[in-house]
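Structure incoming, see below.
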Amino acid sequence: MTGAAVLAALAHAAGSFGPGLLAAAVGTPVAILAACAISRGRRRSPALMVLAPLPALAAALLAGFGAPFSYKSRAFDVTLALDAPGAMLLGAAALLWIGAAFYAGADGRGGDGDGRFRASWLLTLMGSLGVFVASDLLTFFLAFALVSLPAYGLIIADDNASRRAGAVYMAFTVAGETLLLMGFVLLAAGEPNGSLQIRDVVAALPGSPWGGAALALVVAGFVMKIGLAPLHGWMPLAYTAAPLPAAAVLSGAAVKAGVIGLIRFLPFSHALPAWGEGLAILGLFSAFYGVALGITQTNPKTILAYSSVSQMGVIAAVAGMGLASGDLRAPLDTAFYAAHHVLVKGALFLAIGACAAAGARRHWLAFLPAAALALSLAGLPFTGGALAKLAVKGTLGSGAIGALASFSAAGTTLLMLHFLFRLARNPSPDRGARTSGQLLSAWFAMALASILAPWLLFPLTGGHLSDALTPAALRESLWPMLPGAALALPLWRWGGRLPHPPAGDIVVIGEKIIRASYGAGAALERVEAGIRQWPAAAMALLGIAIILGAAMATGF
Amino acid sequence: MQAITTALTATMGGLLLALAIILPVAGVLLSFVLGGRAAERIALYLMPAGLGVAAMIALGVWRSGAPLVYLLGGWPPPLGIALRADGFSAVMLLTTALVILCAGLFARANFPTPAGVNEARAPFAFWILLQGLWAALNMVFLGGDLFNLYVALELLTFAAVPLVCLDGRAETLLAALRYLVFALFGSVLYLLGAALLYGAYGTLDIGLLSSRISASPAVWAAAALMTTGLLAKTALFPLHLWLPPAHANAPAAASAILSALVVKASFFITVRLWFDVLPSLPVETPAAILATLGSLAILFGSVLALRQERLKLLIAYSTVAQIGYLFLMFPLAAGLHPWTADAWSGGVLQTLSHAFAKAAMFLAAGLVAETLGHDRISGLRGLGKVMPMSVFVLGLGGLSLMGLPPSGGFTAKWLLLMASVRSGQWPWAIVMLAGGLLAGGYVYRVLAPAFASADLSLKAPAPRNRERIALALALCAILLGFAPSGFFAFLQIGRPALTAIP
Amino acid sequence: MNTASLAGITGALLVGLGLFGLVTNPRPLRKLLAFNLLGSGVFLLFGVLARRGAAAGIAADPVPQAMVITGIVVAFSATALAVALLLRLFEETGRSTLRADPPSKAAGDGSGA
Amino acid sequence: MTVVNALDIGLAALVLALAAWTVAAREAFAAAVGYVAYGLLLSLVWVRLFAVDVALTEAAIGSGVTGVLLIRAAARLRGATPALDEPLAPPLRFLAGVLCAMVAGALAATVLLMPDPAPTLAPQAVGNLPSTGLGNAVTAVLISYRAFDTMLEKVVLVLAVVGVWSLAPDACWGGSPGAPRPARPEAALAFLAQVLPPLGIVVGIHIFWVGADEPGGAFQGGAILAAMWMITMMAGLTEAPPVSSTRLRLVLVSGPAVFLAIGLAGVVIAGGFLAYPSGSAKPLILFIEAFMTLTIAATLPMLVAGPPEQPPQP
Amino acid sequence: MSAALDLLTIVAILAGLFFFLAGTVGLLRFPDPLSRLHALTKADNLGLGLIVVGLLPRAGGLLGVLKLVAVWFLVLLASATVAQLIAGAIRRKGSST
């Protein structure tokens, strides 16, 4: 009874405060950025960066546990709305941003003298929160650009590796934006009434003359964002290069822009088996590919990056299977799985710093929660990961794809054990990591949140917590882990003999192609130099006049 | 005939149109006589006044919902000359006034009359030419008579060319000479076309011509010649030989105006020609030819921008590319279809946002060159630390050039892409997208080293106040991305309306 | 063939000759001469059209005549500006050419302001 | 009739031959001289087209003053190194020829195919003459119907002067342009420069004055006055004034300035910019033309003289 | 009377044309610049004078006559000056080589 009363009160609060909170959620980061233009604001910036996601967290709680609400700006054509999947991801992302900002402050970043990091952080944050609440095409695209482009400033530092990572990241990002732009244009053009609401354009998608092209472009754009193999090349490079708090928010929160994109733009109300299964197969390929490449790496950050490639594959498979069967529950399930990944992956990146910072004697204090979280990703019973696997089980179905998806947990287990092994052995490569209470407490807080939050959120997906605790469920989540654990031993022993492809693997090929295209550029330059000679240009002038005249006279 | 003559009567507030031209002309004459410091003061006093006049014209157009018309000397066309301001004219006037004002404020530091002399060469010439340029631009945007537009174009050329070579270096003199001769080539072709139109129809008034025009050899030849002449002045590929050296070597304030406004003037007349004089003819093929040239411009301009080693040359080649986008509007906005209003708005918005973005970028690049003593891109490492605001301006401008939100460039691209999809003209969409990618490349080339943290030696302290001027222009380009729907309705004023949009 | 048609053909040929000179002659001064030739051809065509418009007791339409007068003055000013530029360029470099040097890549210094 | 026709054809052939010579001549100097002869013949063509106003302008400005400008430039450029200017390769020349021929052919065809009867504004221009008080329709177009064009074209002249002056070396600012004269003044030229100007000034003013009703006007009269000034400068009898001279600048802008002022006054007294009150139109127009004549007479020589070349005299 | 005047016109103009022709032939055929100049100025001035004389009866009034004479006078003045200048230039050039 009291639960119902609380819910009613929350729904009421959502109706009255929600819209304002949405605007505040998106506006706060930019307001803080403006405040940092003056020196007093700059001095407080680490604290302000921690506070920036709070309105978003509040909005997420209201919408998640209350009722959906929306906000429409009168001055600009901006509409924001928050529903359950959005709220789930928004809340998780906001939590991670808070924790990571706390960590970054402990790490001495984003302070008075670090304007680049601060501005990039706040803009990325704004986009990262914005994608979950944007409800029209243009706002979504704006938020998507914000979560993607300024992140460049979080990745780069002063070494060649990070510059390369930044360049590759930008290339992928701009290409993805381009695909997405064209996809959105097709979506908008296919909507007969001129509405730009995502809901309307997606509803019109199946009947649109450009539906297929639109879907393909949009999916391609989001797939680039979530880094599915073979479009994953930027991910290992960027996460390896970025400082830990940045890598945490990029891998945890920013990438989910692609996930929310899939959730929002796939027309789940229409079963599209070919599209859905295609996406699912791509996802599963990525799930195993990420593991295969991840176990060859030694840098914990790189391993986590490949784990993201793998995990995003599972998410894509879930979304794809949902689309294949026209499953309207798929968005929420996908969101839940993704929300779990937000917290865990973010926390694991922080763990790298925390372990390095903790002295050898108290190493276990930092390491044990990390181990729990890592195995949670593989679906260890009693962890949030198990809940996540449970949530998406129905959507994945029991066919070949479902089986393969379950089996991917074996790969995840192997990869995570490999990660823990390197984490235990390797001192952090992150120079900035220092012993500090604030740093450790940031890590503990994040770890705690990652473990607890899924249990709070799971009921929202319509599942019962007790379902996760039945022996059958426990067994089902445990068995795929066993082969993974079994494989970990030989990997431990003989892993050194594996080939060591460079981080980002096939991106090397892409870079070669780009370098080869410089030749084409030089050729164009020579042609242009010829055209710029007077006689050529003057004759071109006459030629254009003649062609234009002839075209008009013959009336083609 | 009778009906048309009555339609061409002056409207209320029409005198403002004349005033928009009279102000800078009077400024030129006064400055010429008083010279020296007075020229600067006159220019800087007139610019806000001119901005006010432009704003009042825009308000007038907005209030009446129809073009403003003024008959000079009270003589109605065809015998007399009419000035006319529609939505497009009004926004161009406003943009011109804003950019010129900013460029003027910016240039105060570059062109002061030194203490101790009555007058110095460069400031004297600069402030007079600046006002001449302004007068010519206003004439172009208001002119309703093709011969009057010819005079305006010549005035524009005469004001623009000496600005390029104010510093008197051989390099700039050569650039100016090439610019002048090619522009003259263009204007003589334009004049030839105008002569043919007069011979065939006995008038050069745009409004009268549009109702009289029919398919005839004279019209074909005239359209071809006038368009080509205007393309030469717009520097549409492959007629851009004069642009990169001229725009890259002029003083920063002049570069800003040349790239932002001067090339738009001849483009504006091209638009007038095809959308106001010739729309009753079948124009698909010529429009496709123009757009093809535009596509080539995007390709070549962007790739060449990618390969430049100097910042100002990179920005100048980016202008070559961005001019290409403008011409994609022709096949998309031709005729009366459900998508033409979008395409028109997109084309106009592209014109405006490029004007602001490019002016801002040239000003910022000028400051960088002044502060560092050079503008080699390879020497920009660490710029973000010493001149964060300039880098920010370059970034905002780049955002608009790439067509990323939030910016006028994005909205323009969105509208043009929508139009190309809905009209089934796919190639232009692909060109626009590819152009955006390439633009991303050359913007990255500038910004990436700027973000690096290296120590730069400065020749002069970074001038914050002047950086703010550039920032204001860049913010205008961004703000255009938030243009409300009423703004697009405003752009349609004076355009034939599609009554029933299916 | 009447005078107007003859003058029309003459004007068209003058335009052709002027264009040819403008396109092919490498010397800037010769380009200017060709430009003036081209211009006078255009003006002549204007005059032909004026002559064809003889009416109301006058032998040629006055409006194009006025335009030509304006045009001649403008063309003269253009020539004067171009000649001044050319002479200054000659003083600076000792050569008179319009050849497109590649937009100097090395000369990055002092390009500001 | 056939004799006249034959003469026309001969004239056209001569004009074209001179034009071809101008394009083809090897020496720039010779080409410039050819251009002057060409311009004079062309003004005969204009007479044949019954456009005497244009013929006068073409002879005075198109051929005369432009000719002086070009010949002077050619003389100065004689020392230019021709090494870099290799002529166009023959195939390209041929291509250019074909393109130019296509344009010329299309133009000729277009002009010959123009509609008959030709549209004309002559009746309107003549019909409105009484309200301007003028007799010469061309002057009426220039100063009344299309006054705006004419005023702005004067501004073009001012800008051209600014442009030319802006090419001065900094040290010479405020000084005088190099006078367009040869190194050694010639006695014969000095004699001409003493005899001719009194006559020329009378003729120039006459042409300006009759321009209201007969062929002539500010452009043509001003050009003749300009020629007189140029001759005296060439002969070394007068110096070009320094560019800092306020009097010179006042003269240079007086035409457009008076035009603009009277145009603005028209807003109050005649209900529109550049409108003249009926009744007093003719005196106002003559007033404007007088200043325009003065401006042209000063502007053309200053444009020919080029930028200041001597440092200002203390 | 009028027939006589017409005859005078025809004869004078024809004679004038002859001198022009002679001058032109001289310009084209004479070997050196000075003699070319000589042929041109002498013959052309005389030719123009004859043409002016031929046109006098048709001038239609004293003002017309005066204008024609003024034209001849101006041309004489100009060609005399120009011939001087050219000859001077030729001499300087000749002496310098």
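Lettered A, B, C, D and E in written order, each chain numbered from 1.
One rule holds for everything that comes next: contacts are C-beta pairs under 8 Å (C-beta built on N, C-alpha and C of every residue); 3 or more make two chains touch, one makes a residue touch a chain.
Please read these numbers as outputs of a predicted model, since none were measured by experiment.
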If a chain touches chain C and chain E alike, it appears here: D
Per-chain Cα centre nearest the global Cα centre, belonging to chain: B
Pair of chains joined by the greatest number of C-beta pairs in contact: C-D
Farthest chain relative to chain A (centres taken as mean CA coordinates): E
Computed distance of Cα centres, chain C from chain A, in Å: 62
Centroid distance [mean C-alpha coordinates] between chain D and chain C, Å: 13
Distance from chain C to chain B - Cα centre to Cα centre, in angstrom: 25
Whole-Å separation of chain centres (CA-atom averages), chain A against chain E: 95
Multi-chain contact residues (two or more partners), chain A: 532-535, 538-539, 542, 545-546, 549
Where chain B touches two or more other chains at once, by residue number: 79, 147, 151, 154, 158, 161-162, 165, 168, 173, 178, 185, 192, 196, 199, 202, 217, 221, 241
Shared interface positions of chain D, touching two or more other chains: 88, 92, 96, 99-100, 103, 106-107, 111, 114, 118-121, 125, 145-146, 149, 153, 156, 160, 163, 167
Every chain pair meeting the contact rule: A-B, A-C, A-D, B-C, B-D, C-D, D-E
Residues of chain C touching chain A in the complex: 19, 22-24, 26, 98-100, 102
Touch list for chain B against partner chain A, complex: 178, 182, 185-186, 189, 215, 217, 219-221, 223-225, 227-228, 231-232, 237-241, 281-286, 289, 293, 299-300, 303-304, 306-307, 384, 388, 402-406, 413-414, 417-418, 421-422, 429, 433, 436-437, 440, 444, 448, 451-454, 482, 484-485
Complex interface listing, chain B residues touching chain C: 79, 110, 147, 150-151, 154, 157-158, 161-162, 165, 167-171, 173-174, 176-178, 180-181, 184-185, 188, 191-192, 195-196, 198-199, 202, 241, 244-245, 248-249, 251-252, 308-310, 312-313, 365-370, 373-376, 379
Complex interface listing, chain B residues touching chain D: 10, 15, 18, 22, 25-26, 28-29, 32-33, 35, 70-75, 78-81, 118-122, 124-125, 128-129, 132, 135, 139, 147-148, 151-152, 154-155, 158-159, 161-162, 165-166, 168, 173, 192, 196, 199-203, 216-218, 221
Touch list for chain C against partner chain B, complex: 15, 22, 28, 31-32, 35, 38-39, 42, 45-46, 48-49, 52-53, 63-64, 67, 70-71, 74, 77-78, 81-82, 85-86, 88-89, 92-93, 98, 100-101, 103-105, 107-113
